[in-house]
Amino acid sequence: MEQLFSLAADNLISPIILSFVLGVAASLARSDLSIPEAVAKGLSIYLLFAIGFKGGVSVAAHGIDVKLGMALLVGVVLSAALPLIAFGLLQVMTQMNRLDAAAVAAHYGSISIVTFVAASSILESRGIGFEGYMVAVAAAMEAPAILSALWLVARGAGGQSKGMDGALMREIMLNGSIVLLVGAFFIGWATGEEGLAEISSFIVSPFKGVLCLFLLDMGLVAGRGLREGGGILRPGVLTFGIVMPLVAAAIGLGAGLLLGLSTGGVTLIMVLSASASYIAVPAAMRVALPEANPSLYLTLSLGVTFPFNLTLGIPLYVAIAQAVTGG
Amino acid sequence: MQTHRAKRVEITIEAVMQSRLTDALNKAGVTGYTVLPVLGGSGRSGAWNRSGQISRAAGMVQVVCIIKPERLDDLLDGAFSVVERHIGIVTVTDCDVLRAERF
Amino acid sequence: MQTHRAKRVEITIEAVMQSRLTDALNKAGVTGYTVLPVLGGSGRSGAWNRSGQISRAAGMVQVVCIIKPERLDDLLDGAFSVVERHIGIVTVTDCDVLRAERF
Amino acid sequence: MQTHRAKRVEITIEAVMQSRLTDALNKAGVTGYTVLPVLGGSGRSGAWNRSGQISRAAGMVQVVCIIKPERLDDLLDGAFSVVERHIGIVTVTDCDVLRAERF
Amino acid sequence: MEQLFSLAADNLISPIILSFVLGVAASLARSDLSIPEAVAKGLSIYLLFAIGFKGGVSVAAHGIDVKLGMALLVGVVLSAALPLIAFGLLQVMTQMNRLDAAAVAAHYGSISIVTFVAASSILESRGIGFEGYMVAVAAAMEAPAILSALWLVARGAGGQSKGMDGALMREIMLNGSIVLLVGAFFIGWATGEEGLAEISSFIVSPFKGVLCLFLLDMGLVAGRGLREGGGILRPGVLTFGIVMPLVAAAIGLGAGLLLGLSTGGVTLIMVLSASASYIAVPAAMRVALPEANPSLYLTLSLGVTFPFNLTLGIPLYVAIAQAVTGG
Amino acid sequence: MEQLFSLAADNLISPIILSFVLGVAASLARSDLSIPEAVAKGLSIYLLFAIGFKGGVSVAAHGIDVKLGMALLVGVVLSAALPLIAFGLLQVMTQMNRLDAAAVAAHYGSISIVTFVAASSILESRGIGFEGYMVAVAAAMEAPAILSALWLVARGAGGQSKGMDGALMREIMLNGSIVLLVGAFFIGWATGEEGLAEISSFIVSPFKGVLCLFLLDMGLVAGRGLREGGGILRPGVLTFGIVMPLVAAAIGLGAGLLLGLSTGGVTLIMVLSASASYIAVPAAMRVALPEANPSLYLTLSLGVTFPFNLTLGIPLYVAIAQAVTGG
């Protein structure tokens, strides 16, 4: 327990977390500090490329694990199943209508890649190894949740949902983040340690610093969301934003143990389960469920769950994974 | 200088819907349009702006079509099928154009 | 397709004044507007453009409001109170809109 | 609020031609204009958009001029001399302006 | 003297200065070379974050100096007082009207953070140490000058100034640069050397190179200002643009000695006094004194004083500080 | 031959090439992956600055070679002459009209700086040295081709061409890429090894990584071009896009031997000859020959010749240069 606290405290005073806090504070104080959209997008391209590449190199180094296929499958199942649990919790804990609840649920089945990046960065600082292919699992978990949510809507109000047309399906599967992450993973895999040596002073050394600036931007955006959409967060909704990641992490823990992952791998599958999407899923929801309220799902995912995972969640998941795997 | 009567239709719509809108316009036989970026705005669903909006998914764009007056209804029907369930604004203005053969 | 008469007001103003303008519009009861970026321009105070302008403070934006004709005067009074001492252009155009219930 | 009749001319043209167009406008005595960025579009020469267009050389911009009605012809002649051989759209709309002394 | 010349020459053929010169030359030759606005803003966010962070780390390393509070106070006083001197000089040296003179004066009380960054970069190359908290002093000097200038206007033509409304006040205090600089300073302070170690290959190693690109952009912007607004610079105005930084540096020297700062610290307070704002103050002037002529204050600050300080001023201030403090 | 294959294979599985391939694949699959325009421009500014600077430093280190002047002259002649050959080939191999053929020809006389950068990057990996001033030769080869093409048009259809007005001439000579490349070259030359040491962790270490992201963007753009403009590529046109670089490289080889360049220098002059412009020339063509079809020259230059050179061309040119110079 003590160790957990010190872990959390250590985590909290890292430049990465404090940059996020700075962003939130600046936003709440209505400072005009902002990161241009193009720069923020550039930073995220860098992060996706680097994390994907490093994952691929690690797979190249350790050989293809027989568990890779299994892990992908488990990831898809988690992503598809978590929205059903989220939906259930929402119906019990809040008064949200079906449509909003389904839209929120989709976010919690999918993942937040920055939370994943922050967690792997913390694992690296602590010298805890993890399976390189977890990056591929992250990619696999992005989309299935959306299908589950649309199914929830279709099963319910009937005509409400336009359902999933082919174009939307393709858009989701080929959205930029997935393609870049998976593509960089394959490049890393193909070029291996040698490829990494060529570009490591670009994708390895400055990585954490770039992550700081990116989290500064995330903080600005999350703070603004809270400032404008905070009113929407009734106690029940707010509680869901913290309970759901804990429930999902527990399920992720089970999945990780089932797969026999390393301590780091178990942590990361917990993090993926616990994190909620705030880019790919919102865009899909605007197309497929335009009547659902975007403030609701964005404020919840980005303003509540993301900060929770970043500050308290990750150290907690690390501690639990260590305790359980004895790592 | 010789000008010709035309209609200028401006459709402000979420960026995620842009390709669906232009597909619908193409189907309605409208193949000429220009897309302008939108920095921010405000409406019944609140205010937003690009740097610092709660999600970068929520940006909007403005699609401008200049067309012959007689083709207006086709265009509006096509646009409406997309805009209908989504937030978005459609305005029509009278204008004059040079080089009418282009439209 | 059924359309309704409306006014389209376009206000080109310095970016630093944007929030003051939209506050004034809100006070005048105008809560719907769209903000477009401006790349550059020229007027009595010379020419400027965004990349390479002498100060990045000096950019402009264009605020577009669609409103019912009867509310035009309120809007113009509100806007004028802000634009008055500042550089900026205000134009009003007649237009037709779909879905008038939105305005 | 007192307004005055004016013309709003919007010229959509390739970015590489922007300075040539504004030079021509200046020569025609038109010194006030605003330049808006364009994200993409479609016309007889196909569709394009800024991020991912085949060449970053091929972007377009929209130049907007508000002028007194009696100066319209000068402006159109000036603009046409540049637009003539190039792709581009010129539209003219009636509008009302505040502070007519500025134009 | 000879030493001063060699110092100036050394300074002049550094990549940093030459990048600025390249920008000015490209602009004057009407090349279409330009740095996209978003990229330039991204670079300045990087510089502010890095310089603030390093300042904080240095304070964490050396402990809080009792002089920190005093230095902040002196900074505020300098920023508030320098506009009065500038205003006096302008009335003697030029035929500017009160309004324009007040607006110009505000710029000279406030500071240019890039000049500060360039100076600290030169100090580091020469191995001259300075107090980490000078970054906080820089932040403290941004805003007070604006209040002085508005007071000058209010005292004069009366109704001319809308004065300072609450919204403007908040905007100035919470403008992005100040918040980022101060925020990064606190992050550096909180995380210390350990935090720096994590991100130093992002904020330390590439720093000078980024500064080159940023100064290239500054050169482009300054050159364009000179090309378009140069005509406005009557001899008296031009002379002011060079005399004022010298006068201000002398006052800054006194303040630095009074505070008992190190050689580097004295240099930096001279640089802060001598430099003129070209971002925060112009924006505030457009809001508060829209009738003042922006070409005047921008061309002067960015086209005359900035290049002067960058090329000749800084080496001069270093040499004087060394001579006076015996450092 | 075997060696050539292994060289090509080595080249093909480098992160740089695979990033390009990823971009093309994402584009052809209609993914929405995209690099913001401002970021792409920022990356290209970085690359131009770095490559120019390093060229200058290398000239400073090795002293001015007497061959520098000769090399520039030869570069100008190549750039002016290659369009005539391209034009001839086009008239034989395709049914293009004069105007389109002239516009295409202009692209092949001029150069692609990214191809040059990729080639010098590969030379460095293989430890093959080259003359630093080749960067200046690259700059010298950008523009003359445009004049040749306009002359071809003027000689033909007469009134069709507005010809070359002064403004266009200045625009071409002072276009941003040339100014930045040449300017950075002079800065590198002036500041030498010492200047490089100051900023090498910005312009040297991360260089290859940045190149990966830039080539990802090039791949996206090229893929989109192929997807939309691919239909325009009749067999004859397509063949031209591969034959022309080979012919040009052969001519470049002759020029390089004539100049007595090193193995690396010969390779680079082959690469410059073989590469086709896709930024400066298209912009000039839109102004001077608006009736020529941009899809044609862009798809050919960026969708056919650029990938060919990047993947197969460069290793081939390296192998030939090594064989011929015995390097």
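Of note:
We call the chains A, B, C, D, E and F, going by the order they appear; numbering starts again at 1 in every chain.
We adopt the following convention: a contact is a pair of C-beta atoms (placed from the backbone, for glycine too) under 8 Å apart; a residue touches a chain by one contact, two chains touch by 3 or more.
The shown structure was predicted, so the numbers you read here are calculated from the model rather than taken from an experiment.
Common neighbours of subunit C and subunit E under the contact rule above are absent. The fewest steps needed to get from subunit A to subunit D, moving only between touching chains, is 2.
Although subunit A and subunit E share one sequence, what matters here is the overlap of their interface residues, and that overlap falls short of half of the numbers used.
With rounding to the nearest 5, the Cα superposition of subunit B on subunit D corresponds to a rotation angle of 120 degrees.
A separation of 45 Å divides the Cα centre of subunit B from that of subunit E. With centres defined as mean CA coordinates, subunit F is found 39 Å away from subunit B.
Rounded to a whole number, the gap between the C-alpha centres of subunit C and subunit D is 18 angstrom.
Annotation for subunit A: residues 34-39, 41-42, 201, 205-206 touch two or more other chains. Shown for subunit B are the residues that touch two or more other chains, namely 36-37, 47, 93-94. Contact between chains, as defined at the top, is found for A-B, A-E, A-F, B-C, B-D, C-D, C-E, D-F, E-F.
Across the complex, subunit E meets subunit A through its residues 36-39, 41-42, 45-46, 49, 53, 170-171, 174-176, 179-180, 183-184, 186-187, 190-191, 195, 198-199, 201-203, 205-206.
Interface residues of subunit C facing subunit E in the complex, by the touch rule stated above, are 14, 16-17, 19-20, 45-47, 50-58, 85-87.
The residues of subunit B lying in touch with subunit C in their complex are 12, 36-44, 47, 49, 60, 62, 73, 76-77, 80, 83, 89-94. Of all the residues in subunit A, the ones that touch subunit E in their complex are 13-15, 18-19, 22, 25-26, 29-39, 42, 125, 201, 205-210, 212-213, 216. On subunit E, the positions that touch subunit C within their shared complex are 27, 34-37, 40-41, 162, 167, 220-222, 224-225, 228-229, 278-279, 282-283, 286-287, 290-291, 294-295, 298-299, 302-303.
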